[in-house]
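Worksheet: the structure to be examined is printed underneath.
Per-chain numbering from 1; labels A, B, C, D, E and F assigned in written order.
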């Protein structure tokens, strides 16, 4: 079955990103196709490579990047939400005249249309948030 | 339909609204701080028991364990599921809604 | 827009709005989803319940808190071909509000000589339950 | 003491807890979504009226205006203050607590 | 630590914990403040009420959700010279809990031959109100 | 009077940072001294220079930076919370081996002790959050 996942909160502050990760992993293990993980609201903060969590804690962003690499997952960060919160890739850096970018490996920035498309294409969309 | 509730009913109104607006035959899954809603001794227990008459109520085991709640403390009839069963619930039910 | 994905598939999207405006921006970002979504030619409906009914309160003026007054954007719903906006009566009543407190949202009915028609339908919990059950993709903001 | 509440009482329990644990003579300031607690027709109105017997209840005007609530809709006895008066309240009361 | 700031001033700090653990990390980051704060030789007390009482629930095991099990850190409170931990009785009762459900936190009383003494005091709403009123700096997490 | 302000939520997502800003401005206008604004939890996200909010919206981070410049305000971002969320200055960049930093002008990263000190030194501490 085709599944899509929506993540509405940032890493560490709320459990949403953890729950979404475990759900996505379990879905992949059962052979389902996860067509997209969309990061909206504060969820965009999952996509920064600048985090350094304590050594004895999980690394939420790296975990998503790894999962994306192994399963060819499409991790999409909403551009409008990302601009408000300072998550930037090379394109956005150039377009908005910023002097740095912070997007993590495996994440891409795109429009809200990608969320709607996921809703249309997927058999189920499961949302995690506050 | 699968209804997912992730907030404690002692703090927020999500579970109350989910119970008001879910239909007979639907499944309700309590995750994250939502698992506190399944405590047998809690103020919300009566509402959950009423819902069990025509709906299924599940709690996510890993979240229950994290919060130190012994399965013996849950309302009778509430089922404990793991992430694999969470996925199965989402797949078996025709639609999914998270009461965020 | 993205016809390769959308052609042929029309799903019932329901956006469930349960939070007050301004204190957090879930309301604003939820509205953005609904308006973008309308361009995909899906069957879109909005549900306002719990504190979400405050989003439709008339007379909002954010001038003194300096935030964006997105409440004007709700008036665009009709233009974006969203014709079904449901507000739960019980949520209004618990807050001491009635339909008269809400913005008079309208749409122009192309099938009826572009007559202006009200967009907001105040419904019971029972009707809201049915609306939710009949939707395909339900997103809460 | 100045107690600050920023959440809607229809959604979260902050106002209820603040009213339970604030003493006679203290001031309660409703800001952000907390201002909805001052609606005369709302379910919480009774509790606020009780509090007014021995406490002062204020709402932040700019937040009230943002939400489109006419001052005439507020519970009698609730005062409307601006940010300058908010600062004065914080300074005049010996202590401040935000019920986050 | 930072003696130029702290010498001479001893304030009553009260950390009010009202949120459940794990669903959000306010509990964990609130505990971090209390432990750092203890090093400043202030008079520190903890209050647990509403869903905050769940923070002290015994037997928490986050192994299957993969988050950090900071509940062990509460046992350090006594070592950090925090000797007053108050739990509101009404909050426990509404949740169907009693003191037996909580971690048995203790501290070693240096004035009483290092005897282990209980750290947790279950108090009424009335007592909690007085504890709050008597504090100087009150932070909610 | 000496005041301190605590901000526990990020920009745009919650009104906390807006309320804290208006409160701080009003306090300064009345001649009070604001000895520190401390950013904790998701509040650290106020301190990134990479945000690009819509043209017709307020720029929350720039507004804090401007206020700090004009009033010599001490804007402190909690280091532990910042590491979890990817807010990084040059020191943190070096220490944690990152390839970029994103701290905004007028903000500095320091320890939680700065919050406690503010609580001791200030006559009133006012917290804004979720």
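We adopt the following convention: a contact is a pair of C-beta atoms (placed from the backbone, for glycine too) under 8 Å apart; a residue touches a chain by one contact, two chains touch by 3 or more.
All values reported here derive from a predicted model rather than from experimental measurement.
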Selected interface, B-C versus C-D, where C-beta contact pairs are more numerous: C-D
Rotation angle superposing chain C onto its copy chain E by C-alpha atoms, nearest 5 degrees: 180
Same-site or different-site touching of chain A by its copy chain F, using the half cut: same
Rounded Å distance between chain E and chain F, as computed from the means of their C-alpha atoms: 26
Averaged-CA centre spacing for the pair chain D and chain B, given as whole angstrom: 33
Whole-Å gap separating chain A and chain F, where each centre is the average of the chain's CA atoms: 26
Sequence positions of chain A contacting 2 or more other chains: 12-13, 15, 19, 22, 41, 54, 80, 125, 127, 129-130
Multi-partner residues of chain B (at least 2 other chains): 6, 10-11, 13, 32-33, 62, 95-96, 98, 100
For chain C, residues contacting two or more additional chains: 22-25, 50, 65, 67, 137, 140
Pairs of chains satisfying the touch condition: A-B, A-C, A-E, A-F, B-C, B-D, B-E, C-D, C-F, D-E, D-F, E-F
Chain D - residues contacting chain E, complex: 1, 13-14, 17, 20-23, 95-100
Of chain A, residues touching chain F in the complex: 10-13, 41-42, 45, 48-54, 61, 80, 83-88, 92, 96, 98, 100-102
Of chain E, residues touching chain B in the complex: 19-24, 50-51, 54, 57-65, 67, 69, 71, 94-97
Chain D-facing residues of chain B, complex: 10-13
Residue numbers on chain E that touch chain F, as the complex places them: 1-2, 5-6, 9, 11, 13, 25-26, 29, 32-33, 36-37, 39-40, 42, 137, 139-140
